[in-house]
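I'd like to ask some things about the structure below.
We call the chains A, B, C, D and E, going by the order they appear; numbering starts again at 1 in every chain.
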Amino acid sequence: MVDLWSMILTATIETLYMTGVAAAFTLLFGLPLGVLLVITDRGGIWEAPLLNRTLGVLVNIGRSTPFVILMVAVSPLTRLLIGRSIGTTAAIVPLVVAAVPFMARVVEQALHEVGSGLIEAALAMGSSNWQVVTKVLLPEALPSLVRGTALMLVNLVGYSAMAGAIGGGGLGDVAVKWGYNRYQLDVMYVSLVVLVVMVQVMQWIGDSLANRFTHK
Amino acid sequence: MVDLWSMILTATIETLYMTGVAAAFTLLFGLPLGVLLVITDRGGIWEAPLLNRTLGVLVNIGRSTPFVILMVAVSPLTRLLIGRSIGTTAAIVPLVVAAVPFMARVVEQALHEVGSGLIEAALAMGSSNWQVVTKVLLPEALPSLVRGTALMLVNLVGYSAMAGAIGGGGLGDVAVKWGYNRYQLDVMYVSLVVLVVMVQVMQWIGDSLANRFTHK
Amino acid sequence: MIELKALTKVFRQNGQETEALRNVSLHVPRGQIFGILGQSGAGKSTLIRCVNLLERPTSGEVWVDGREITRLSPAELRAARQEMGMIFQQFNLFDSRTVAGNVAYPLEVAGWDRSRIASRVAELLELVGLSDKAHAYPAQLSGGQKQRVGIARALAPGPKLLLSDEATSALDPDTTRSVLALLREINRKLGLTILLITHQMEVVKQVCDSVAILEGGRLVEQGGVLELIGRPGSRLRQLFYEPFRDTAFHLHPGGVLAALFFVGDSADEPLISSVVRQFQVDANIVQGAVERIAGTTVGRLLVEFTGRPDDIQAALEYLARRGVSPEVIERG
Amino acid sequence: MIELKALTKVFRQNGQETEALRNVSLHVPRGQIFGILGQSGAGKSTLIRCVNLLERPTSGEVWVDGREITRLSPAELRAARQEMGMIFQQFNLFDSRTVAGNVAYPLEVAGWDRSRIASRVAELLELVGLSDKAHAYPAQLSGGQKQRVGIARALAPGPKLLLSDEATSALDPDTTRSVLALLREINRKLGLTILLITHQMEVVKQVCDSVAILEGGRLVEQGGVLELIGRPGSRLRQLFYEPFRDTAFHLHPGGVLAALFFVGDSADEPLISSVVRQFQVDANIVQGAVERIAGTTVGRLLVEFTGRPDDIQAALEYLARRGVSPEVIERG
Amino acid sequence: GGAKQSAGKAEQVTLKVGASVTPHAEILKSIQEAAAAEGIKLEIVEFTDYVQPNIALAEGDLDANYFQHLPYLTNFAEERKLDLVSVGPVHLEPLGFYSSKLSSIDQLADGATVSIPDDPTNAGRALKLLADQGLITLKEGVGVKATPNDIVDNPKKLDIEMLQAEYLPRSLEDVDAAVINTNYYLDAAKNLGVKANVLARESAEDNPFANIVAVRKGDENRPEIQKLMSLLRSEAVAKFINETYDGAVIPAF
């Protein structure tokens, strides 16, 4: 059973790699997208109904397309960026594409909770929109954003199991391919346990950071 | 092309049925679970570290298990409840099992945003924990809860595409079966468009309700 | 009604310790209106929050109505809290409830039935002048309107004890007067005990029977309002009266500037008049006030006496005999 | 500095309309400390929020520093706002920033460099007495401490105009006095114009040059503080002085109860004394105050005159000639 | 369960058959009318995965299923201790070795990437196909359970990538060659315009991977099952298969 453990180790690294890199890019795109959704909304600091509507529809398209189809749909993009559409690195592209709209909604929800009084105070002091976003909206919503990021990260772990279809590998894929499809229950249980531990750690870090950042 | 439209119609109804019923049950279980996570937490109104830890781990297990595996894992439960483990109705069980932990986290995030001053005010007036939850926590977090419910609903639509594996049917399944598995792009596009419209409507209703419930 | 015994509260956060209350012992008799005064950050809010256990004391005991509040079971604590109204410094209104809904909250908690709630809410909104805002949400209210909702909410269930953290700070003088009159009335008619924090000396003058003064978490003074005001050098007196020194007053040559202080009886006699007539001195009131405090007339005047030095001296001695205790501030 | 022209603001919500401001025209000269008074809900906060366009007027014009503020481009508006400090009724501190971080905010916005910010923040925290709380978060502060952070934040960038919505409502009298002294000093030294809302007559007495009084969204009175106080029947006078009627005073038979009011010069003479001596009447000060308002002595006393009716009459006439305008309230 | 022993011959009997969408469900649909004429109401439940149909059958949710080959069934029944048996093969879906870059196996360079299906039997079949072409050598006796871990000799150091079967035609751009189920390839060629050369094909002769109909043990001789089988293994069905599937599916009776 040397195989089992080396397989689990490889898969763990693959999962960490895929979700880690994907999470970084998801934050990179999802955060601004969520911010845009909030500030361009009616009553926002940079009202732009048309842009808001358009972004909303794009996000909804991303959110409603099944992940397997998304994987196929973005494969030209993946090939453009990574050179091929299969493999662990290639899986990151559809993961990001799937997670960004989700993250945008989570960010939107978090920012909506920032009191209007604080935004007013910032505006009254002559802040630019950029300053309102970076110095008030995001810092004030930080605990909620951190919780949302944990939510997104765990969702990514879930999606990454499906990325096995395009050779993404990872724990979820191992659990499905070997455990579920080939009835190697030991492989399945071990990989699931590692997955649960991984998610537990992510959630724990998220909760701790959120509490640390809460000053209310 | 008569087939296409009747297929889409059936699939639309299946999706609405699956996600609708699953959403109802998800709220039924996810809401209390999320509330419990918050009130049993350190500093909560009903501190219970052990229960909190246990619920957290259960939620994380649900969140980290790949959906295909979850479907198999819950099939004995499904059979117990529905009488069989395949078909559209049977698909609702794993959908609920997958969505409840997610909803719990979303509820947790929303309730964390309720100002401690309000909870204090409620306690100072001699409210029971139950009253704090039902009369303060939930109503005050309502806009955020509604946005979270929209998030969950759209996630359910996403999961339901995978429920095709157990004969769940629905738009996502059609899109995957025809578009992804059989490369029939017309069916895929039509079902995706219907899906997007459906998600758009859900999101729009969620946003409107959230705004309606916002009195800040 | 309330008895605090050696109450201490220490906040620990980020490794820093703040001793908000230090060994405070205090007795508030039933039916009194008891004021808590002190500078910003002195620990007033912390003290009042210890009474209904929103803040758990680090050490010490809190007795309310004969029971040690930290030792109550959760259910007993709830029941006890239902008999205490609280007005918060930051209002803490429920954003999701209308004005009427906010006032109805404690009644719902106490299990009143719908129709009784409706009429009680209407009655209270009438009292605080917000009947027309019954269906508005807190976000649509002005600061003072929010504060009045807080007052109505605290009074709604007819509590035995009212804890008030600056209940009138956001109110204009007229509205303040009417709220204070309301509190006085409930206090007299129903025996409501009130523990109130305030920075407004007007409030102390109009409604307080006794006060306690906190300084840096310690209790530095406690007693009846008149008693403390009558005591030269008391903190309450310092709080009431700003020092006379910032006047730009130029003494006449030979004039004597003296501060007069008189309470009750002496205030009802024409003191200045008598002095002027009896001692051949002139008296000019430079600054000061004669006012009703806790139902009694209290005067504090800065008076310039002019005339022959002997006469002035005699006049001052006469005043001293009449209980006015003149204090010479400056001689010209 | 500020010129409001026919300002009207209507709030529409849930089909209900609230006319918070109605046709208000107002001029605040540069370098003045200008008070806005009025009952709770009169529209004071709304007015001040129109000045920096936090609230967009329904109609009317807002001129600040010679420019119509509603017509500025977003960039111009930002620049204009950077020169106006604002103290909020509800503080609106950033929960995620420490006390120092809150005060630093407007300086960051204005693009100050790090070291200048640090020293300026330290200076301001010193001024408001919060140096030891620099690293605390707003949630760890008392009400008055929060308010002082708000004051420091508004003053930090050295604005030309300060908009203050009840900046001292949560402060004890001592702290209030020192904050007001600070505002007066900045006003004198740097020519800061201040538009302030207050319910505290102490604030008006100590720092305001002029005031405007709102009632139900309309401007009902406007003018210099002394001028308005000197005008019998003015609203400001009503706000300053509660009616004398609630005294439990029993007149002597034949006594005459009269209200005296005097400003400036007449206050500097021994009026009561002269009357007593010249007219063979006794004068007992029943209630009232002689105080410094806007740098001038203002007296308002309720005095019982006893003696022969003719003498009393002559005394009152003498007082009237001396500009005291006695008003007979009651005859015994 | 829907298994009803019909008392009267005139009564309609409902047969619930689980099937993959193509071609199984389509083949079943082609006999639906004929079955009805013989008093059998054929209810077709479509599945996209390969686990549930067997479980549903064992649990009694289905009367029969038609989606797998014998080795898969045997293996599955053994692992899960289910009493399921085959009542005969119907068709074969051969695997092909395709490439859009190469025109013959000889052109496979050292270190070339080859993608194969990731489901257990198709992976085994694909590896056997590669082994038959002399590209790799598999461990003695692994049979259908073969996985890339069972390769004992790989002279060309082929990089073998397991992907979802449906994705294989789409992976042709990314790999040098792919082992694809012929039906998937043909669908993709028709609908996506994928073009590739056939480097090799799984042989149809004596192929154990013909798709069979499975039932619970003991049901083999139920008259309606017998009827179903004779309908499925008829000339009409053979004709239907040959005309419809263009070589991607071939009759196996």
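Note that in this section a contact is a pair of C-beta atoms (placed from the backbone, for glycine too) under 8 Å apart; a residue touches a chain by one contact, two chains touch by 3 or more.
The UniProt protein names, listed by chain, are A, B = D-methionine transport system permease protein; C, D = D-methionine transport system ATP-binding protein.
Because the structure is predicted, anything quoted here is derived from the model rather than measured.
J.: Hop across touching chains from chain B and tell me the fewest hops that reach chain C.
T.: Minimum step count, chain B to chain C: 1.
J.: What angle, rounded to the nearest 5°, describes the rotation that places the Cα atoms of chain C on chain D?
T.: Resulting rotation angle: about 180 degrees.
J.: Any idea how many Å lie between the Cα centroids of chain A and chain B?
T.: Using C-alpha averages as centres, the distance is 17 Å.
J.: Cα centroid separation between chain B and chain D, in whole Å?
T.: Computed value for the inter-centroid distance: 55 Å.
J.: So what's the Cα centroid distance for chain A and chain D, whole Å?
T.: Averaging C-alpha atoms per chain gives centres 53 Å apart.
J.: Using mean CA coordinates as chain centres, what's the gap between chain A and chain E in Å?
T.: 37
J.: When you check chain D against every other chain, which residues touch at least two of them?
T.: 90
J.: Spell out, as numbers or ranges, the residues of chain E touching 2 or more other chains.
T.: In chain E, residues 51, 166 touch at least two other chains, as defined above.
J.: Give me the residues of chain B that touch two or more other chains.
T.: Within chain B, the residues that touch at least two other chains are 68, 72, 115, 176, 180, 216.
J.: Show me, using the given definition of touch, all chain pairs that touch one another.
T.: A-B, A-D, A-E, B-C, B-E, C-D
J.: Any idea which chain E residues touch chain A in the complex?
T.: Within the complex, chain E touches chain A at residues 50-51, 76, 79-80, 115, 118-120, 145, 147, 149, 161-164, 166-167, 170-171, 173-175.
J.: Contact residues on chain C for chain D in the complex?
T.: Chain C residues touching chain D: 11, 13-14, 16, 18, 37-42, 44-45, 89-90, 135-136, 140-145, 147-148, 165-166, 169-177, 199-201, 239, 242, 246-248, 268-274, 276-277, 281-292, 295, 297, 299, 301, 304, 306.
J.: Give the list of chain B residues in touch with chain C in this complex.
T.: 115, 117-118, 120-128, 131, 135-136, 139-140, 142, 213, 215-216
J.: Once bound in the complex, which stretches of chain A touch chain B?
T.: That would be residues 56-57, 60-61, 63-69, 72, 102, 105-106, 108-110, 112-113, 115-116, 143-144, 147-148, 150-151, 154-155, 157-158, 161-162, 172, 175-176, 179-180, 188, 192, 195-196, 198-200, 203, 210, 214, 216 of chain A.
J.: Show which residues of chain E lie in contact with chain B when the two form their complex.
T.: Against chain B, chain E makes touches at 18, 21-22, 45-49, 51-52, 55-56, 59, 61, 166, 169, 184, 187-188, 190-192.
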